[in-house]
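In the two complexes that follow, chain A is the common piece, with chain B as its partner first and chain C second.
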Partner chain A sequence: MNVFKREIKAVARTSAIWICAVTGVSVLMMMFYPSFERDIADYVKLLENLPPAMRAIMGLQVQNFASAAGFYSFCLLYALLLGSIQAANLGFACVSKEVTMGTADFLLTKPVSRARILTSKLLASFSVIAAANIVYNLVTVPLVMSFTGGGSLKKVLLLNASLLFLQLIFFASGFAVSAAAKKIKSVLPYSLGLVFMAFALSAFAVTSREDKLRYLTPFQYFSAEYVMANGSYETRFAVLAAVLVCLGVAAAYLFFIRKQIRSR
Partner chain B sequence: MNIYRRELKAHRKPLLIWSACMLFLVAAGMGKYSSQLGTGLNINDLMQTMPAALQKFFGLGVLDLSVAVEYFGVLFTYIALVAAVHAAMLGAEIVSKEERDKTAEFLMAKPVSRARILTAKLAAALTNVLALNLFTAAGSFGVLNYYSQGAPFAGRWGMLMAALLAVQAFFLATGVFFASLTGKHSLATGAATGLLLLLFVIFVITDIFGRTDFLRYVTPFKFFDAKVLMAGKYENIYTVITVLCVAAFVFFAYRFYRRRDLKV
Partner chain C sequence: MPYAIETQNLTKYYGKARGIIDVTFQVEPGEMFGFIGPNGAGKSTTIRTLLSLIYPTSGTAKIFSLDCRRDAPEIAKRVGYLPGEVFYYDGMKVRDLLDYSASFYKKDCKDRIRELAGRMELDLNKKIDDLSFGNKKKVGIVQGLLHSPDLIILDEPTSGLDPLMQQIFFDLIEQENKRGATVFMSSHILGEVQRLCDRVAIIKDGRLVKLERIADLRQSSFKRFHIETARPLPADYFAVEGVRELEVNGLTHNFLFRGDINTVAAKLAGAELANFSAEEPDLEEIFLHYYTGEAQAQ
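This part shows the complex of A and B:
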């Protein structure tokens, strides 16, 4: 319990800033909707004349885009980007920071097993991610609902849940690496590198639903287009995401319990 | 010279990893190119029938996706984003790592002035950034050469790579600036990341909503956007702003680094 509390306290301030940023970017972009809405009806017909390949590149589906929920699914992308960075940071720093800050021997000489330490840290990180998602939903759901007039609630909730799942995936990958690596001197280059690579791949390299590259980037696992069109996730990607999260966490335990940890 | 060589050696492995990722991005993105994309209708004619706000949203008015090098222009935004992350992290890291790794005392005890240390580090960082730029340039030249099938592309390719270097220089300078300002490694990388994300979000907003025209003078992602460059809409003031910003960041980096208490 002490490790848990200590961990929450250590990340509280940074996490609060991240939560504001993630929520803020969605709110900011939704603010542009009213001015957009006025013109949009006229555009829709014209938009449908664009070649499908071109639309795919822009990551937009015409019929989706014409509604408030569709517009939101587009804004969400940038909240997902920031949220993923936050989660990757949490994961990469979770264990490795004890080594970098030279507190590892202090922590490990306490009468607590390594597995329990890891569990406390895991729970603390999950709480932070949960808090981020609660705040995000509390702010964005009413906002988007005010634009849709109460419709599409299920789709919006599904879209928002993809933030949670993406955060879990990026957290788990960072967590595993952080537990396995000898030493991670600084967290941000790793997390930014990982998330931005995935983001860039998803944004321009993926042009169709059958594209094999989709397996490489979590940003495609909970495709907003698919949610908007079908009101559900794609099963194979949802399963893949769950497997990845479990694998990451399991690997972290496996590595951390038997790892040689350097003391200063 | 010793410091310069030491830094080059220390950053060799990360540089290779970043370069490999960059080449993968370029190859994966251009792999989707097909000269059939834009044919079937004249994009520019279609664009002219659309209201201005929507033209901006799609941003395709000036990019003809059936031309390989203009298709590459769409990818360029993300290439610039990844390169910017690399440069910002490198700049912050190269200066602040001495204090993080407790090697600052060792370094400062050497008969070299702080200004010379910073100069050597800046030169090493610049070499790294240039190397990533050259890798990207070589990779994209190869891919463009393959897909262009004789169509001229070298001029626009050269322009984009010069723009990439400008973006890299800008973010390298911000990273070095923040690291010189504060001795805390996490704070330096965090501030550099925050600025980068902020500028990127501003870019996205100006890019797709287009109603905030004055904001285009704020973010280098906008200055060196492929759409701006290829449409010949580049304004010379962008060069002035970039040069002034880089000069100011570097000037203040020297100023702070020479006077600051180092954390030991």
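This part shows the complex of A and C:
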């Protein structure tokens, strides 16, 4: 419990800022919806003239734009991007910060097993991700529903849940790398690199219409287009996501228990 | 009674780089055990292996008959560790850190923290980031001792402490030892080990080269003599048994001596001296002359 508390304290402030940013970007973009709605026909024409690759990078699926939920699925993409960076940061820093700060010597010579330390850290990170998603839903669900005038709550919740799942995937990847790596001096280049690479792959998967590419990037696992059309996730990708998270966490334990903490 | 520390052919390679090779020694409970050697000899590697921060390539290490790797959390309850360089969490106050440290042990350490901080003159309300190197070290010392451990492991404990603090620190360690704690301390300063410890292990290039009682070491250890005479003496005047590396340069005679000090004293009494000094050779000299010399002699 002491390690858990310490961990929460350590990440509380930055996490609060991230949560505001992730929620704020969705809210801000949603604010454009009323003015957008008035001239919707013009906008759709304008957007249809953009090259397809450009639309893919911006995450525009024009056919959805007519509804508030559809417009929201576009806003969500930017929240997903930020949320993924937040989660990747959290994962990459989880173990590596103890090593780079030199506090690993302190923590690992205390009477707790390494597995327990890692579990505390894992639970703390999960709590942060849970808090982020609770705040995000509490703010965005009423907002979006006020625009759609009731209905399609399930779709909005499913869209929002993709934030949680993406965060879990990116957290788990960072977590595993952080436990395995000798030393990560600065976390941000890793998390930005990972997330933007996945994001670019996702845009490429859309433009190339190559279905296999979709397996390579988590941004394609919970397709907003599919949710809007079917009101559900694609099973194969949902399963894949769950497997990735489990693998990442399991790998982190394996690596961390064997980790050699060398002097700085 | 089981040994406090027991290693058997402990070997650690970092990839291909040598850490330690075949290190075998035992530390008796209640003993003060010194571990000396030059930088990079393997002192920290040995300590980190004992603490299960790194894992041995081969061989075993036991503390209180428990396996250092398998039973690390159980061992940690009874061990206090002071790292060579002390780093702590950003933005934490001294008190926060010590309370955090205490929270890992299932006992009340409040009085002990207050007592130790008082003796080390450590301000509990300061932020650790704002402390000087020496004061951070004090935090490390209190942190290592607050749970009254049965075994205290110290890695270069006195570097960064001023002489007055060193004295307080030595007193503190001696007091812990009287209470029954075993002390294992590494250093590259022979003097401080000699002063505190009962026995000393000397490590060089990853191997244990000597394990001896301090009393014996003192008796057998070399002294370096610098002598200036008022009048010229025969070049071989000081060439008596036990003298090594005799250098004569006009009126000055320099040599290393090991043996019965009275033979040199008698020689000195028969000469008219202008100046004279006898000093303990530093660690480097012991390695150079004593151990390598001994190996050649055998």
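Here is the rule we go by: the second predicted complex is superposed on the first by the 234 of 264 C-alpha atoms of A that agree within 3 Å, B and C clash if a C-alpha of one lies under 4 Å from a C-alpha of the other, contacts with A are read in each partner's own complex, and residues count from 1 in each chain.
One rule holds in what follows: contacts are C-beta pairs under 8 Å (C-beta built on N, C-alpha and C of every residue); 3 or more make two chains touch, one makes a residue touch a chain.
Given the structure is predicted, the values throughout are model-derived calculations rather than measurements.
Once the two complexes are laid over each other on the shared chain, residue contacts for A:Cys20 go to neither chain B nor chain C. In the superposed model, A:Ala12 makes contact with neither chain B nor chain C.
Shared-chain residue A:Phe204: touches chain B; no touch with chain C. Of the two partner chains, chain B is the only one that A:Met29 touches; chain C does not reach it.
In the superposed model, A:Val243 lies in contact with neither chain B nor chain C. Contacts of A:Lys110 after superposition: chain C is touched, whereas chain B is not reached. Looking at the superposed arrangement, the partner reaching more residues of chain A, out of chain B and chain C, is B. In the overlay built on the shared chain, the residue A:Ile134 is in contact with neither chain B nor chain C. Interface residues of chain C facing chain A in the complex, by the touch rule stated above, are 14, 44, 48, 51-55, 72-74, 76-77, 79, 81, 83-85, 87-90, 100-101, 103-105, 143.
Residue ranges on chain A touching chain B, taken from their complex, read 14, 21, 25, 28-29, 32, 35-36, 39, 42-43, 46-47, 49-51, 53-54, 57-58, 78, 82, 85, 100, 185-189, 192-193, 196-197, 199-201, 203-205, 207, 213.
Across the interface of their complex, chain A is touched by residues 14, 18, 21, 25, 28-29, 31-32, 34, 36-38, 40-41, 43, 46, 49-51, 53-54, 58, 60, 65, 74-75, 78-79, 81-82, 85-86, 89, 93, 97, 100-101, 185-186, 189-190, 193, 197, 201, 204-205, 209, 211 of chain B. Considering their complex, residues 2, 6, 10, 101-106, 108-113, 258, 260-264 of chain A touch chain C.
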